[in-house]
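Next, two complexes with chain A in common: one pairs it with chain B, the other with chain C.
What follows is the complex of A and B.
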């Protein structure tokens, strides 16, 4: 039964392709996070400040994103929309699905961040003659960004790892590429072990970059 | 000059200010005393437009604070406000805390604003803390920072809402000294306070509030020694 012998040569040979695919993973996660942060901020502001349909739109988005499996969300943008004749490319499906999911989680992080800023901070700014835009952009948002910075970093790590779902809709990010080589060569364990190492390295790079950026951004 | 006429403020069913009439002249220091919930803070918020009013008027140098076409942000530059909680902006150094509003509200150049900020911080005795973040300052220091921040807008009036109530007892003196200094320099001030010695020694007039009514107003001597209203006498007996 233990006659499986490891063959690393094919893995080493396709390492350039795997690393390339790792960059695709990093790219898709970064794009999804960029969209997720912008949309999440909007959702949070809609949920906190709006009434009626806009508020319920935000609440529904957040609820679905956070309380259903990410895989289902991805399948919805893939096969779900496909059933209605809307066929998106694998790249668009994974980007839409991940952004949808990240935006929901980040919206709640932002909401928590805003709620952590005492109203008196705004009042004090207004008493100095600032208008509400100035009070928000100069006083509130910088403090909120500080509060949500590490949650955003965590979400970025999560996005990197979750992008592996791309494999299931035929997108050739790191997992998709790994799967492709594994089934071609039958060196399943070797390929997925190598991919795991690459994921690990990507996450470490993300965390390191985040820490460096934090040192530059936050002086208090 | 601040002119308040027949000011009424309701929070829902709660009638918090019941027809206040009050004039505060340039250069005057007015202390407002009274028990908790009598509407002292609310009055200050109505003066600088942080709260809406239901009846009456407030005029600052002839401008109606609550009129629709009043530029409230412009008007507030004349009115410095210091709260019980000092509300330092934690993401900015003391220097930046003070320089921000002169720069973005008044449009001063960065150099000008920083110079002004440094001057104001020295004025309140924080000249050696310019590069500190508020988190490293004591409560008393942060409250003086709040005063410097308000002064940097070069206001004509300063409103203090129990500026010393949240401080450790040993820090109260340094903030009161700063307020005293301001009064001596001729700043027009309205000070809601529980510090009776400050009210007595520094103010030109003292007003006593009771359940939304200004029951008594006059020179400190008169209010403290010869109060006309029963409530005032009772209140003063209890705080002494």
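What follows is the complex of A and C.
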């Protein structure tokens, strides 16, 4: 039944490269999240407060991002835009694709967060002489961030996992690097097992860091 | 003078059928793995709730692995692992197996949340009215807890349906893979990706619309 001999040596040899690639994964996920949070915030505000084309733009973005697979979105940015003669590098493709996707999901989270803040608070802030910008940045958004902190953490984990799709568009993050080595040495199982372990560790590190950050941020 | 050979042919209505068939395959693999995975996930969730040892120490870490490793890595890993232990699986079956466990790991958390959302005092009351443990579980906890976590379950269903696109990595021709095949033949990525996107949207949007209606009705 078990006449397969495992060869772990090549994996151990290329471990530094794999860990390096793991850092690339972390980097791309963080960048995508950063963009996603900013865009998602804008989309949520546009969807709630605007009328006309801006609102429909936000609604379309959110619904497309939430109702089609992330891989499809990556292909769209990769091959679809190629039809217009816009050829992005794999790094840009995965960054735009992930940010697009994260922004859509986060926008809905933010919308839920904004709806949990009573309108009265904005009114009272305005009464106290703040303009609308101040009311949002000083009263509403700090509370919203507290509400959506755990959804954001979840989304960060998803971003790390989704960045593995880079493998399919030829970007050399952890999965891409793993596939590269796997096809070089034909040790597919061993390499992917190592990649799984590294992903697991990355996710645990992200969750641990977010918990520490939460302890620091939400002391009161 | 010979006629130049044309490698690419244009998009014709037959290809629409091809895509539609592929969309049905996506639907079929999702329905299969979501059904089995949800039942399995409910059982796992019940174990997580009931048993500290079997649930907390053995099952929870295993389910955690399925959530912390990218689906694409899981698929490749399992597809390459099955022959090692002597299983002969085609891409469809290995996709179903992994998607089922993936669904189960996500649903188990939802199910546990559902069981814990039912007040302990209500369960005690039903027990003291003479219901057995199983009657209490099926006639009290299931209807009440089920309603609470129904939107979360829909979220899982939508996620798995979109993630089923990743089975294309193993060579199973579902919607996304079919669109890639067509792109290679017709060289019209934008058109075909748009059609594939419309198909995905048509599969996923009605469900998410229904879920938000349901949520609104229950919020009243």
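Here, the second predicted complex is superposed on the first by the 215 of 220 C-alpha atoms of A that agree within 3 Å, B and C clash if a C-alpha of one lies under 4 Å from a C-alpha of the other, contacts with A are read in each partner's own complex, and residues count from 1 in each chain.
We take it that contacts are C-beta pairs under 8 Å (C-beta built on N, C-alpha and C of every residue); 3 or more make two chains touch, one makes a residue touch a chain.
Quick caveat, the model's predicted, so the values are computed rather than measured.
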Inset, instruction - Scan A:157 for contacts with chain B and chain C and give back first, second, both or neither. - result: second
Legend entry - Which of chain B and chain C A:120 touches, first, second, both or neither: first
Inset, instruction - Considering only the touch criterion stated at the top, classify A:204 as touching first (chain B), second (chain C), both, or neither. - result: second
Legend entry - Partner chain(s) touched by A:170 [first = chain B, second = chain C, both, neither]: neither
Inset, instruction - Check whether A:138 is in contact with chain B, with chain C, with both or with neither, and answer first, second, both or neither. - result: first
Legend entry - Touching partner for A:146 - first (chain B), second (chain C), both, neither: first
Inset, instruction - May I ask you to decide whether A:128 touches chain B, chain C, both, or neither, giving the answer as first, second, both or neither? - result: first
Inset, instruction - Pick one for A:63: touches chain B only (first), chain C only (second), both, or neither. - result: second
Inset, instruction - Could you say whether A:219 touches chain B, chain C, both of them, or neither, answering first, second, both or neither? - result: first
Legend entry - Larger contact residue set on chain A - chain B or chain C: C
Legend entry - Footprint of chain B on chain A - complex, ascending: 118, 120-121, 123-131, 134, 138-139, 142-143, 146, 219-220
Legend entry - Complex interface listing, chain A residues touching chain C: 1-2, 4, 63-64, 66-72, 75-76, 79-80, 82-84, 157, 161-162, 164-165, 167-168, 175, 178, 188-189, 192-193, 195-196, 199-200, 203-204
Legend entry - Residues of chain C touching chain A in the complex: 65, 68-74, 76-77, 80-81, 83-86, 158, 162-163, 165-166, 168-169, 176, 179-180, 183, 188-190, 193-194, 196-197, 200-201, 204-205, 208
Legend entry - Of all residues in chain B, those that touch chain A in their complex: 48, 50, 73-74, 76-77, 79-81, 83, 85, 87, 89-91, 100-101, 104-106, 133, 135, 146, 149-150, 153
